[in-house]
Amino acid sequence: MPEPVRIAIIGHAFMGAAHAHAWRTAPRFFDLPRQPEATLLVGRDEARTQAAADRLGIPEIATDWRSAVTRPDIDVVDICTPGDTHAAIAEAALAAGKHVLCEKPLANSVAEAESMAAAAAQAAQRGVRTFCGFSYRRTPALALARRFVEEGRLGEIRHVRAQYLQDWLSDADAPLTWRLDKETAGSGALGDIGAHSVDAAQWVSGQHIEGVSALMHTFVTSRPVSGSSQGLGGAGDLSGERGPVTVDDAAAFTARFSGGAVGVFEATRFALGRRNANRLEINGSKGSVAFDFERMNQLEYFDGGDPQEAQGFRTIHVTDAVHPYTDHWWPVGHGLGYGDLFVHQVADVLTALDTEEPARPDFQEALDVQRVLHAVEASAADASRYTPVAR
Amino acid sequence: MPEPVRIAIIGHAFMGAAHAHAWRTAPRFFDLPRQPEATLLVGRDEARTQAAADRLGIPEIATDWRSAVTRPDIDVVDICTPGDTHAAIAEAALAAGKHVLCEKPLANSVAEAESMAAAAAQAAQRGVRTFCGFSYRRTPALALARRFVEEGRLGEIRHVRAQYLQDWLSDADAPLTWRLDKETAGSGALGDIGAHSVDAAQWVSGQHIEGVSALMHTFVTSRPVSGSSQGLGGAGDLSGERGPVTVDDAAAFTARFSGGAVGVFEATRFALGRRNANRLEINGSKGSVAFDFERMNQLEYFDGGDPQEAQGFRTIHVTDAVHPYTDHWWPVGHGLGYGDLFVHQVADVLTALDTEEPARPDFQEALDVQRVLHAVEASAADASRYTPVAR
Amino acid sequence: MPEPVRIAIIGHAFMGAAHAHAWRTAPRFFDLPRQPEATLLVGRDEARTQAAADRLGIPEIATDWRSAVTRPDIDVVDICTPGDTHAAIAEAALAAGKHVLCEKPLANSVAEAESMAAAAAQAAQRGVRTFCGFSYRRTPALALARRFVEEGRLGEIRHVRAQYLQDWLSDADAPLTWRLDKETAGSGALGDIGAHSVDAAQWVSGQHIEGVSALMHTFVTSRPVSGSSQGLGGAGDLSGERGPVTVDDAAAFTARFSGGAVGVFEATRFALGRRNANRLEINGSKGSVAFDFERMNQLEYFDGGDPQEAQGFRTIHVTDAVHPYTDHWWPVGHGLGYGDLFVHQVADVLTALDTEEPARPDFQEALDVQRVLHAVEASAADASRYTPVAR
Amino acid sequence: MPEPVRIAIIGHAFMGAAHAHAWRTAPRFFDLPRQPEATLLVGRDEARTQAAADRLGIPEIATDWRSAVTRPDIDVVDICTPGDTHAAIAEAALAAGKHVLCEKPLANSVAEAESMAAAAAQAAQRGVRTFCGFSYRRTPALALARRFVEEGRLGEIRHVRAQYLQDWLSDADAPLTWRLDKETAGSGALGDIGAHSVDAAQWVSGQHIEGVSALMHTFVTSRPVSGSSQGLGGAGDLSGERGPVTVDDAAAFTARFSGGAVGVFEATRFALGRRNANRLEINGSKGSVAFDFERMNQLEYFDGGDPQEAQGFRTIHVTDAVHPYTDHWWPVGHGLGYGDLFVHQVADVLTALDTEEPARPDFQEALDVQRVLHAVEASAADASRYTPVAR
C-alpha cells in the first residue's frame, strides 16, 4: 500500500468546501496511483476554521499559512483564497518543495503571475508540479469539445464565441464584498468569470489569443457596506453607508486567434435571468460545437459532413461510457453536477503527480490567461484599441 | 457528541456505490442530528465484496446478510440488491429492530410488499423506521413541483403525463441480464423505471391512481446469454446461445386519479436516443409544471395568472437558495448531478430518524406503488380492460 | 394557356380563410399545371358571406350550397364547414362530377364516412378526385420524417408517441360553441385534434393502427351559453345560463400498429400553457424522429449509426432547398408558418388533378382515420377494453 | 370605394418576390384604408422580368426604372434591388412625388444615405412618405420585446447582445456573387445582416449606439467565378478561375448606447450550422428579453419581479390575439413564417400613408443605421479604436 498524498487546503469558503469534497470523493470513483488525504485546513480565524474543518471532515487546522505550507507531512498545498494572496502562498509552498494546486485566476497581476510561473519552472526541475484550478476544463462536455477539435472534426476554426453571463449583481443594493474590491480581487467580471472563458476558448480551440479590443464597464459604482465587513457590528447596515465598487461589472472584447479565428467574448454579472450561463461556441470549416453550463451534461455538435437533408446540431448527452470522465460514474443519461468537476480535477492532479502525464493547466498556462486579461484591461484603458497579448 | 448512525449496505453494484457515496457525503453538506458511518458492506462473493469495500471506503465486509442484519452495532440496513431479495432481508432487519432503507421497487409482488409493509407497521410501534428509495423525489426540481402543487399554484389538476424513456435495450443483441428475468427483477421497464413515474406522479400531484388500462410489450424476446452468467467461461459468447426475455420491454397505460385527473404513462428502454428521459408534466386549472431528468436542474412552470401577453412556460433554474435542498450546495446556477439525489435521500433519512418528521416514502407508500404496478400488469393481461387499483 | 381550375369554397370561418389564402398564393410560389381561381364563396348568411368574400377577394357568393356545387363553371368544391355537413355536400358535389377537397375529420360517423368513400370510389371511375384536409402532412418537417421512414433510416419501428395539446378550454367559463356539441362536431378533442395525430402517426410510420384501448373524459360538463347562439340577443350572457358539453375534453389511448409498433396518443384542450403542441415521436431500431408543431420548422432526428461519442438528437432546420416544399420559398433558415401548409395542400391537389399522382389522403384514407376514431370511442365506452379497428 | 394604392416593384429576385407576396396578401388579413395593387414590375432583362411578373401575378412590366418611377398611375415605388442603385432610384421617385419603400441597407455609403434622407425630408413637406425595409421589426416577438421595453418592464437597460449568424459562405468554394462585391453590396456580413441587428437593437432598446469598437475579417479571399456572371457560358466553371472577395465575411463590435447600455454585436455568414440565427438579448435592471429568429414565434422573457422561487425565462408563444400583428391571422399557437413579416410591413406602410401614423423606420432612421455601420468600418480600419457615431 503506497503512502497517501497529504493535502493542506488554504481557505474554507465556497472553493475550500468544493475542494475538500473532491479530495474525499475522488478515490471512491477513480483508480488513483495513491490515495489523497485532506489532513489540514488553514484559515485566519481559529473558531471559524475549526467549524469548517468539522463540517468538511478535515482532522487538523492551522491559522498560520506560512508554517503550514512547510510542514514535512504535507505533499500538496491547495490554495482556495482570494487572488491577492496566491503569489505569496504558492511561492512559499513551492520553495518548500510542495506541489501546488492554485485557484484561478492565478494572480491579480501579470507581474505576480510571472513570478509564480518562474518559481514553478524552478520547482519543476526538482519534480514539483503546479496546477491552476480552471475547473470547467473538467466538464465532460467541454472535454469532448476539445477532443473533437483535436480529432479534426471541426476543420479550420473560424469563430470562437464565449459568453459568461451571471446576474447576482443586478440588484444595485446588493452588498459590497471582496469580489468588488480591486485590491483583493484584481478585477471584477473579467477575472472572476471571463478568465474561465479565456482559458476554455484557448484550450478547446487549440489556438492562442493574439490580441484583443476591449470595453469594460461598471454599472453600479457604489454599494452598501455591510456592518460586519467593517467590524462595526450591525451599524453599517443601518447607516446606509455605501462604498465604492472598484472593479468592472462587465467586460466585452473581440479577439484574434493565432490560427486565424475571430473571437467575441463577454463576461458580466448583470445579465438578469442568466444564473451561470458559461457558454462557448466554436465554428469551423467542417463542424461546430456549442456549450452552455446551464445544461452542463450536453454538448451541441454540428457535423458539416452529414447528408444535407439530415444536417443539424446534435444534442449529445455527454454521459456515455465513451465520453471523458463519465465512465467512472453512473449509467448513461444520469448526469453530473458542478461539484463533480472538482473530483475530476483532483483525479487529474493525483494522476499527474505519479506519472509523466503533463499537469494541465500548469502555472505557465495560467500565466498565459493572465496575460490575455492584462491585454483586455490595457485595451479598455486605451479607447478599445487593438492590443496584442505580450508573451 | 452524539453516537454515530451505523449503516450496513447490502449489495455493491451501481446502487450500492451510489448509496455509499451518499452516506459519506451527506454530513459534509447537511446539518444532521447524528453522523452516519457506513461500516459494513455485504455481498455474496468475498473477493468482489472486499474489492468494492476498498473502493468505496467501507471498513468491514460480510458475506452472510442474515447475520449481518442482526449485528448489534448496526443501526440502519440499506438494501441495494435486486427485488427478489428485498422482502427476506427487510423483514429480518426489521425483526432485529433495524431501520431499513430499501431500494425500489419495494418487492417483486404485491404479496411480498404487503408482508413487508405489515412488518414495517409492527416495527414502527417500536420506533423503527422504513424508507423506500424513490430517489427522484429528491430532485430539487421535482420537489419544487410538489411544493407548487401544495401551495395551490396549479389549481385543480386535470392532466398527469409521465414518460420514462431509455434506450439501452434498443440493440437486439444486447446481452441477457438479471433485469430481463422475471424471477429476479419482477418486471421489466414497468418496475425498473415505470415505478419511478408512478411514485413521482402520485407524490407531486397529491392524488392516488384509482385505476388503469394498460398495454405491455416485449420487442426482443430472446437475447445472447453471456458466458459468465452461466459459469461456462467465454463459451456462452461463442456459442451464439440465446435465452428468453421474460419481462416487458415497454409498458404504457392510461389512468384515472382520485382527484379527477387523467393520466398517461409510458415506460420503455427502446426509445432510441432517449438516454434517461424521466419526464413528468402536470396541467391544472391555474398552472402547469413540466420536468425532464435530462435537464434535471430545471423546472418548467406555467402560471395562468400571468398577464396574457406575457404568459409562457418559465424555465426555472432550480439552484437557488430558496429551492429545495439547493441551499446546502453551490451558488445559484451551479447545478447538481444524479449522485447528489442520494445525498439528499440519506439526509432526509437521517433527519427523520431523530425527529418526528415522517419518513417519506415509507414501506406503506411504496406498497401503494406496487399495487398500481400490479393493476397495470392485470389490465395488460386482460385485454387492457380498466382495472381499479386494489387497496 | 390552359383553362384555370375554378373553386367554390363552402364556409368562410377560420378554415375558409386559410383555404382562400392558399388558392390565391399557391400559383405564386409553385409551378402548377393549371392556375386556380377561387371564384365562389358559399355561406348561409348573405351579408356575412359577402363581407367575407370582400375580405378574401372572392368575386362571387352564394347562400345555397346545393345549387352552387352543381354549377358547370365550378371544378373543385372545397368544404370548410363543420363535420355534420360534410357528407351531404361532398356527395352532391361528387355526383355532379366535381373534385372535392374536404376538411377533416371526414365525417362525424363511420357510416357517413363509408358512404362518402363509396361515392368517392364511384366518382373516381369517372376521373373525379377526392382529398381530405389533413394539412399537417404538408409540414416540411413531418414530410421529411415520412421520407426518413421510407428510406429506412429508422429501421424497424417500435414506438409511436403522439400528443396534441392545446389549452383554450382550460377556463371553465369559456363559452359553449359548436365544437362542444356532439351533433355538430361529432366528437371533441378526439376528432378535432386527435384525428390529426392518428393521420400523421399512420402516415409517417407507414403502419396502420390495429387496435386501441382508450379513455375519454369531460372535465367541464356545462358552459355559459352565449346569447347569439340562442337567437336571444344578449340575454344569454346576462342570465348566467349554461348548456351541456356533449363531447370529450380529452382523449387518451394506447395502440398496436400493424408492423409491431406500440403507440401512445393523447389529445386535449386542457393542457394549460400548451398552445398548439402537436407532437409526434417515432423510435425505431436504427433511428428516431421527433416533432413539435410549436417549432414547426424543425425536426429532431437521431441516427443510431453515428459514432457513439457523437450521438444525439439533431435539430434539423427544415428550410433547406433539399427539404420537402421548402425550395419554393425563402433562403435556408427563413421558416414557414401555419398558413403556408394550406398553400402546400392546394399545390398538391392541383398537381394531382392533372397528373397520375395519387391524391393523398383521399376519402378512403380519411375513412381509415375515422375507423380508428370510432374504435377509440368504442373502447372508451367499454371500460377501455382493447378494441380492434374494424376495416 | 377609395382609389387603390398602386405600386411599382423594382427588382424581382428573392426580395421582389417577398414584397409582391406581401402586397397581394395584406388586404386579405388586415383592414387597410385603401387596397394595394402591385401593378408594375421593373427589371433590366425583359424576358426574365416578364417571367417573374407572370409568376408573381403582376400585370405589367418595364425595363427602364427611370420612366417607371415617374408614371402618373404609380403611387408607391418599392425598391428591391442591390444597395448601389438605391439612391438614384429613390431620389428620382421622391422627386416625382412617389412614396418610397426601400430595402435595407438604405445605401452603400453614408454620403448616399444622407442625400436620400435629405431628399426624403424635402419630399415629406409635400406629404410624401419614406420607409426602409427592416422587416424583422415586423416579427411579432420582436415587436412584443419593444413593447415590453416601452412599458418599463425591463427597467434600466444594461446589456444589448446581438448576433446574426448564418453559414452559407462556410464552403470556401461557394461561388462569387454580387453580395461579395464591395461596389454592388457596400459591405458583406455587416451591411447584409449586421444592419438588421443594429436596427433591431436600437429600436427595441430605445437607445442609440454612441460609439463602437470593431473588428472585420474575410476568411475566404477569393472564390470561383461562375460562367454566367461573366457572359462566358459554362467556361468559367471549368476554368477554375477565382475572383476576389472584397467584403467582410464577419464583423464583430462592442458598443456603448446613449442610455448607458453596453452592446456586443456579431454578424457572420461562416457560423457553420446556424442557418439564420438572428438573435437579440437585452438585460435590464428589472427584466430581460431574448429572441432567436430560428424560433421566430417565441420570445423569451424574464421578469425580475416574479417570486424568487418561481423566476425563470418564460417562453412566450407570440401568437395570441393580444400580441402585435397576430390577431389578424390564426388561432393561438399556429405560428407565422418569414413571408408574413413582409405582409405586416406593407400593412404598416399602407396604414401610415393614410393616417398621421409615423412611418417607421423612415429614411432618417435608416440613415442612422448607416452611420453606425460607417463607424464600425472606420473603427475596424483604425485598429478597433473606439469610434463615436457621427450624427
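Going in written order, the chains are labelled A, B, C and D, and every chain counts its residues from 1.
The rule we apply is simple: a residue touches a chain if its C-beta (ideal position, glycine included) is under 8 Å from a C-beta of that chain, and two chains touch if they have at least 3 such contacts.
Small disclaimer: the values here were computed from a predicted structure and weren't measured.
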- Touching both subunit C and subunit D (chains): A, B
- Query: Both subunit A and subunit D are touched by which chains?
  - Reply: B, C
- Separation of the C-alpha centres, subunit A versus subunit C, in whole Å, is 54
- Query: Taking each chain's centre as its mean C-alpha position, how far apart are subunit B and subunit C in Å?
  - Reply: 41
- Distance in whole angstrom between the CA centres of subunit A and subunit B is 35
- Message: Give me the residue numbers in subunit B that touch at least two other chains, ranges are fine.
- Response: 274, 311-313, 317, 320
- Item | In the complex with subunit D, residue positions of subunit C that touch it | 14, 17-18, 20-21, 24-25, 27-29, 55-57, 166, 168, 274-277, 293-298, 317, 319-320, 329-340
- Item | Contacting residues of subunit B [partner subunit D, same complex] | 144, 147-148, 153, 298-299, 301, 303, 306, 308-317, 320, 322-323
- Note on the structure: Listed in rising order, the residues of subunit A that touch subunit D in the complex are 158-159, 161, 163, 167, 170, 172, 213-215, 217, 219, 250, 252-254, 256, 260, 262, 264, 266, 268, 270-274, 281, 283-288, 302, 304, 311-313, 379, 383-386
